[in-house]
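Labels run A, B and C following the written order; every chain starts at residue 1.
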Amino acid sequence: MATVREKGYSHWDGRLTDRRFPWWPITRTGIQLAFKKKTFRFFFAGAFMPAFFALGGLYVSERLEDFKALVRSNQALLHINPNYFKVFLTSSFLLFFIILVLAFAAAGLIADDLKHNSLQLYFSRPIGKKDYLLGKMSVIAFFVLALTSLPWLILVVFKLIFAGSFKFLVDYPWLPLSIIGYSSLLTVFFAFYILLLSALSKNTRYVMILIFATYIFSDALSGILGSIFRTPYMALFSIRANLQQAGAFLFGQKLPVAVPAVWSFAVLAGICLLSAVVLNRKIRGVEVIK
Amino acid sequence: MTSVIAASHLSKWYGNVLGLNDVSLDIDSGITGLLGPNGAGKSTFMKLITGQMKPNIGTVTIHGRGTWNNPALFRNIGFCPEHDAFYEDMTGLEFVTGLLRFFGFSPSEIRDRAARALDIVELTKDKDRLIRGYSRGMRQRVKFAQAIAHDPEIVILDEPLSGLDPLGKRKLIRLIKDFRSEGRTVLVSSHVLPEIEALTSRVVLVHQGKILAQGDVPYIRELIEAHPHQISVRSSDPRALGARFIGDRSIQKMTFGADGRTLIVETHKRDDFFGRLTGVVLEGGIEVEEISSPDDNLQAVFEYLVGK
Amino acid sequence: MSVRGSIREVFGFFFSIGRRTGKTRVFALLGLIPVALAIIVRIVLHGRSGDIAAVFTEILMVFFLQFYIVILALFYGTSVTAEEVEGRTLSYLITRPIPKPAIVLGKYGAYTLLMFVMVAVSLALSFFIMNVARLSQPALYAKFLHYLGVLGLGILAYTAFFTFLGAFLRRAIIVGLIFGIGWENVIQYFPGSTQRFSIVHYLKSLLPYRPMAGGGRGVALLLFRLEPTAPLVAVLALAALAGAFLALACWLFRMKEYLYED
């Protein structure tokens, strides 16, 4: 026996049953709605700052003597000058976080296109390889600049406001250029670095691991070779060390490793060149079946 | 008698989106077509039947046993998924034999079953090639092979004909029909109406998560009493023929075909019209060359039901 | 088919696939880096066997322990579930008459064995190249087996944790990286019992440890301070962690629905 049902508004036709905790969907939805708002997320995260400071205090209290020694030996950190900016902008912590953000946001930029055979779709439009790569690199540029030049240029402004004069800028007029120059260096390098690794696999998970593993392994290798050969030139194997060398040069500060900065620039340029070669081979509008 | 597959008040949400809306359905042996546009709920229903998803509300059983977390059921079920996904580094033979291992067959039985399944889908020649190098049609066929290799009583096929060329479709349709003749239960889904019509006359129409209709196509058509039937009559003088019916109150609408030889009539009382038409022909004077019902097919039925 | 039989078949299936993928070849090649370093060290430090031994313990073992096995376990552990969901091949497995936990356990076993072979080959080559002058000493082989055992336990524990992460989270890699590269390193600087909330603490408790000479004031807080756990307790803790995370992974895999991204 065939039955014909009336098509109508998609209202659920089943019978409602009692919930054990009838208030729970309201609570859950309210929390979810709050987290949908960006401003809320920002303030919510900020609200944890005192807790983090308190946690820091707890840690310091356990190692009070060590910290006193640290402050005594690093009083220079309390002087606001280009070195202050260089220390923070070239810190391993910031570089690690940039890698983390990019692994999350950019690992699939090319990998996903390879996985879904989307390159042919891109190149069937009136865009060329350059446009495609520029578009992808701009994604990376957005995140890197948001984490480097934007906050640190704002901090220069805050310094001027807190000081109530332009003296700081008169003393160090090239500081904003150093910040922009170093941010640009990071942007260009990371754009090539991330896209190189993203183009090597269709699996985004694997690319994320490659991004981290290559970065960290380069550091480990540099350390191992340094302890074997006992020469500072082994630092050139480390991506982090090269970026810090280049940063110190751009801020006009003492180089962290006793190696001319030109070598670090050369290593970074070499990685960018390798990336350009690989990207030129991998990004094409036709699929090659072996 | 319990149905082979039974769904009772089955509902499934994806977050706030209702995927399946209080569906109750019984499927017996033979081929049943599950027809509906993309996003209708066909794949959701198949995933619920094959235990890949758990119903939010309601039950789905196979031979009276629930499908969620019930692996023993799958000894007798073969599933051909919609997605074009494989372990690409395997050959066709390795793929089929590898998946047969999970049934507890002996190695020789695995070899024989795999060979037979690949022979049925005409992939014996290419069995040692990597799946990565297969054409689309070959990939669909090897998917079908893994679904039938263990001789299941029930076969669930989710869009098995998608991406195939006409020759490939014919081959697979023939294979599926052969399966029916062995007394098995086959549930096939598609959004392409002629494919379902080629496979079976027993269909379940799905739209927006609901079952619109189920049964034989002509019978469903008969039940749509709200919508008039369309009858096309080709004759030597369609206008004279039309003039004979103009006063008939059961005729809703009359149009003439672009070829100038066809009269198309919409009527609620099809049998009455045919009776009068026979009389007109017998009275003589107007030759009738062909009579057909353009809307007595699944396409028209579906369009009526979804109001497109 | 019994649960044990199901696990065995899943193990065989994925071991045969896993050993021929491109990624396995890349990871195996990564394991040749310490071998290359071992050769370089032998050439550079020729005749200084004490220095060579120190290089192995303090440098290469750190590479294996805090980098190689973590990266391997992260990739293969999360792949147990994520690979099937991303590749949309999960449908083939869960529509077979095998219990869902058997899929997790079988795949875990296959990938763990694969990783162990890669690590064992790499460790064996680098260790014996570094210690080629002492091959006649039986104690050397005991040491090798000790190191291999520690790395094996590390593989079991890390892979179990990342298998759980992969079953639990959609974006397990990021959390896994933060844990493996971030937490596991940073936690070692924390005082008291905090260190016990890491896997690497128990692994390092099983390795030879040399406390800092003179306390190292002034820079001590920047240095790793191991407060080792007793070896037997460390082994039991690692086994318990592996068992617990695997059990959680099996339970999650059984209860969760895994939807493909469309």
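One rule holds for everything that comes next: a contact is a pair of C-beta atoms (placed from the backbone, for glycine too) under 8 Å apart; a residue touches a chain by one contact, two chains touch by 3 or more.
As the structure is a computational prediction, the values presented were derived from the model and not from experiment.
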Centroid comparison with chain C (C-alpha atoms), farthest chain: B
Contact-richer chain pair (by C-beta pairs counted) among A-C and A-B: A-C
Chain B and chain C, separation of their C-alpha mean positions in angstrom: 50
Chain A-chain C separation of Cα centroids, rounded to whole Å: 27
Averaged-CA centre spacing for the pair chain B and chain A, given as whole angstrom: 50
Set of chain A residues in contact with two or more other chains: none
Contact footprint of chain C on chain A as seen in their complex: 59, 62-63, 65-67, 69-70, 73, 96, 100, 103-104, 201, 203, 205-206, 208-209, 212-213, 216-217, 220-221, 223-225, 227-229
Touching residues on chain B, where the partner in the complex is chain C: 14, 50-54, 69, 71-75, 77, 79, 81, 83, 85-87, 89-90, 94, 98-99, 101-104, 146
Of chain A, residues touching chain B in the complex: 1-5, 7, 10, 12-15, 289
Complex contact set, residues of chain B against chain A: 9, 11, 18, 21-22, 57-58, 133, 207-216, 219-220, 223-224, 305-307
Footprint of chain B on chain C - complex, ascending: 1, 5-6, 9-10, 12-13, 16-17, 20-21, 87-100, 254, 257, 259-260
